[in-house]
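Here chain A shows up in two complexes: once beside chain B, once beside chain C.
Right after this comes the complex of A and B.
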């Protein structure tokens, strides 16, 4: 205990005496918190890869490669167009395992329930989780429930963890990214984040923006089964495409260049973003991912993605440059000029005018 | 997207830039007033398309940036009170006060809420009759009508637990301050399209004449800005100094009469402090005496305390177009969005934020 007390907190109290919402926003402050406080303390090789989950081997000699991940869900409202907290909690963990190149198998569920939550609401969420698990082909095999006093949780929080098996020889991780790799995404961006914003803020459009929440394991399995040389996969959740690319560029010491005109964003999502002053590059998705594939497989990968219902809107959005500056993400704008794409400090805040 | 994609067309942008290059015979320095325009210029790389002889400098049109520290400290004091809800536009929350910002105040238990419209505050006030609800009424002429409307409606509906902390500033006096400064380099202006949507542009005509400086009311999309630059350069080359309107699809000479009427009803012109610049006469709005009950400074008896500014921050020079953000020694090192020394680094309309976000590493700014 004494040793623990003698260590000073790595986040200087003069800068942030308390935790801010921005520390959970997926931007630079989140990263600083994870890097400075967590990674240093828990330090080990699996954590060092900075992936969506940990990948490790079992057996002596090693015979099985597994992926293991966890995520918590605190979305408000609990039900939103295109999904709910239950399906989201299953999709999120299934997708994190998938991004490790694993076939998701088993999930655990931890429910933190606020006293007073309608029983029917809980029932709908549980049914939704089971539906999502069935669709993704995973089993929820263990769990836990806790009830906290009214006011101590926002209705319902869910944690899921998952285990998956890696059945191929590719090393799918940021460290495998190479110059020349082509970046593909499986569809239009920004729908989940703007669906939630629209409900929270009471924004109405001609059509309802529905979340893109979906399990990506089927689509990725198809890519793996086609033998496509995949170097890295990353789902575009909190912080959106821009944060995902910055994370990968930073870990891989790669220079990533994307084309604004090639990044698909639906009309209604763009309109909502324009109104609120948001950039769709930073808005969360729950059924979208970026794949870094070897250039010689890019066309085949794109065709395989487009053949799957969750990849119908797939697009080639950029490349890893050989001669660019390591760790930098740049974008060619619609009018042909190049700018950097930075990682945000915290969350996007609506502008004044 | 309709009415947007047309104004972001790459081919048309290049044609406009070529037309500007054909027109220009010597160097000109043009200031875009509005921080929204600055961000569009940096985000789309509009300046990279322009000939080297055109220099764009960035103006003071960032409401968050020019709000005095003293008022941010007052907002923090209000938000730290018990039974008080401080409502603000989201943009204001990261701006550093003397010791902290509103986001940290919120994390420490202050009830700070982001609203999209000041009218939302009236709803909150009705829902919480036992609490004081204060709106941080920040902005240029653009937000003045909505802010005025909230105060007007509160009086009509007899909502007594609502008040506003006013920090309203006006564009024309700031333009005059820039033009009459001894170090001024600005030869032409792109006026802020949305300010003129409300106020019209008749009030700019005496400024153009007096200072012999062309003023072009300009929109916010790449083609708007390129066309604004084109119109401004054409006037400069022809030796004219007039007010022209590029943003005709939105702005009329008389502005929006209904909006101006509600502003006139609630506010009167007053002197204002501008953060980093100092006091400019007749450069802001204050509540008229008929609405003095809604003045939060009065209601909570907030007196000015000595506000502390970072001695290193050159925001005032940046806001007047005298220095570029990347000419500041602290830029990107001791001053970042995570640790801002001044407001332009954290506002979505701040010039420093635009440079940091879009043009930070190894790309020397040409402008």
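Right after this comes the complex of A and C.
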């Protein structure tokens, strides 16, 4: 323990003396904090996969392959069109397990409540969690409640952790991504982030933008059951599609090329993004994911996705290139120009999840 | 989902329109909130054990028995004599798994950081977590970092969840407690809560009171390896020994009798309790637990505990009575009078864990 304490801080303190909002925003600073501080200190094989969760095998002899993940939810406001912090906290962890290729089974819930939260608000959130858990077919089996003084939190924060089982032999992880893989997404981008921002900014459109927050386990289970050769899955949360692709490109040493024309974004979402100055590629979703599948299974996978209600708007958006630069994500625009899609710098959308 | 939303709030809103600090204090209001709202809504077999964590079996055929638990940590101040929020967050979850009779294996970490937290503070806490994990022989395998605006949290909150395996055939749970069982604790009470309070209140004693925060898995593993017939284990955190015994007495429909003279409390802790108006029975510990063991194994268990550094001060403090009132905890004082030890009303020590 003494040895660990003698290490110097891997984030340069002269440059970043305090934690900034951007350290939690899903962009470059978040990435640096996690990679340099957390992964560096907590180093172990299960953490090394840079996945949405850890995967390990238990039993003697080893017989059960498990995924384990956690996320905290600090979304503001607590209720928004299409969901609330409770349903979000269930969907988010169900989806992280799903992205590990696991069948989600059990969730834990840790509540941090600010003194003075209306009891009825807590009750609505707790019921929403249970409704979301029932819909996703998972059980909330253990929990914890803490209350802090007025002014020491912001209404309610929720942590969920989850356990799921991996019941197939695919190795679904960024490391499995290969040149030639086809990228599929299950629907239009940007709704979750824009639903939150529209409420916060008091924007009114002809129709309300509803969050896409949803449990993806049923849809992904269909892909797995169909025997689709899935190489990697990633949900498009903080930092959006752009950040997810950059992380995967970096870990897999792959070159990813997407086509702007194939990436579905609803008109009202595009309008909201323009008004607020956001790029839909970087906006968070809570019910959208990208699947890297073997080229020979791409059409079958797309059909399987479209057959599911949460994949009705599925699209083939790009490929992993054989001859590109490792770690690079590029996008060909509607007018044919190609640009680099970088990881987000700074904070785009605080507290959208 | 519609059906769930039509239920009325099980906590009377006319009486408790908002959440109070006492709803997280480990006493009667906490208990009511968890039992009526959480257990009521999230009802399922794994939750029904009223244990420190959930226990379930996985594999086809079922082959691996797992425990799964979570806790959030909001302790104030972040650093205190004998520990900090990081080591506490590891010990707490390691101990909850241990109390389920499990061997802790893997932890998740969810950080909620207030913008402006000194980077060096975060670094010290992260290193402390890793030091505590190494000492306990567990791995931190997955995590999440959120940052909220200044004034929307209080420096740093940490959630940990944990997974462990149960590798014996005992059913260690409140339901297994039987008349005749002997109660053992592994050392003196009240140090964690008083260490925190002494710092907060600026109390000075001849020697500093250090928290008892410690990982209990090694000590309990020795009891299990010795084949001691353990019926129930419970760590003495929020609400202290009194609350733990009341919860177990209630679930087990048991009558528990303890002897005040046998319950070890250090003199400086007793003095601090007197100055601040606390009863050591209700003060939180983070490295103390009570074991309910079969009478025929009591002496052997006590010897095994005392042979471990974290059990050097172990003591036999009471029994489960055959003819007492179900759900009742009583204490015989030093002068021979017997009184009821009730669950704590209201809030005693906010944010001690």
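Observations on the structure shown:
Definition applied: the second predicted complex is superposed on the first by the 343 of 353 C-alpha atoms of A that agree within 3 Å, B and C clash if a C-alpha of one lies under 4 Å from a C-alpha of the other, contacts with A are read in each partner's own complex, and residues count from 1 in each chain.
As a working rule, a contact is a pair of C-beta atoms (placed from the backbone, for glycine too) under 8 Å apart; a residue touches a chain by one contact, two chains touch by 3 or more.
These figures come from a predicted structure and were not determined experimentally.
Once the two structures are overlaid, the count of chain A residues touched is higher for C than for its counterpart among chain B and chain C.
Touch criterion met: A:110 reaches chain C, while chain B stays clear of it. Of the two partner chains placed by the overlay, chain B and chain C both lie in contact with A:351.
By the document's definition of touching, of the two partners only chain C reaches A:130; chain B does not. Shared-chain residue A:25: touches chain C; no touch with chain B. In the superposition on chain A, contact is made by A:41 with chain C only, not with chain B.
By the touch criterion stated above, A:325 is placed in contact with chain B alone, chain C being left untouched. Contacts of A:53 after superposition on the shared chain: chain C is touched, whereas chain B is not. Residues 16-22, 350-351 of chain A lie in contact with chain B in one complex and with chain C in the other. Those residues of chain B that touch chain A in the complex are listed here as 1, 4, 8-10, 13-14, 36, 42-46, 48-49, 63-64, 89-94, 103-104, 106-108, 114, 116, 138-140, 142-143, 194, 222, 336-339, 346, 348-349, 356-363. Remark: chain A residues 15-22, 28-29, 32, 201, 261, 267, 270-271, 274, 276-277, 325, 328, 333-340, 342, 344-346, 349-353 touch chain B in the complex.
Taken in their complex, chain C has these residues touching chain A: 1, 4-5, 7, 9-11, 13, 16-25, 30, 33-34, 37-38, 41-42, 44, 46-47, 53-54, 56, 58-59, 63-64, 66, 68-74, 105-106, 108-120, 122-124, 126-127, 129-131, 133-135, 139-149, 151-154, 157, 159, 161, 163, 165, 350-351.
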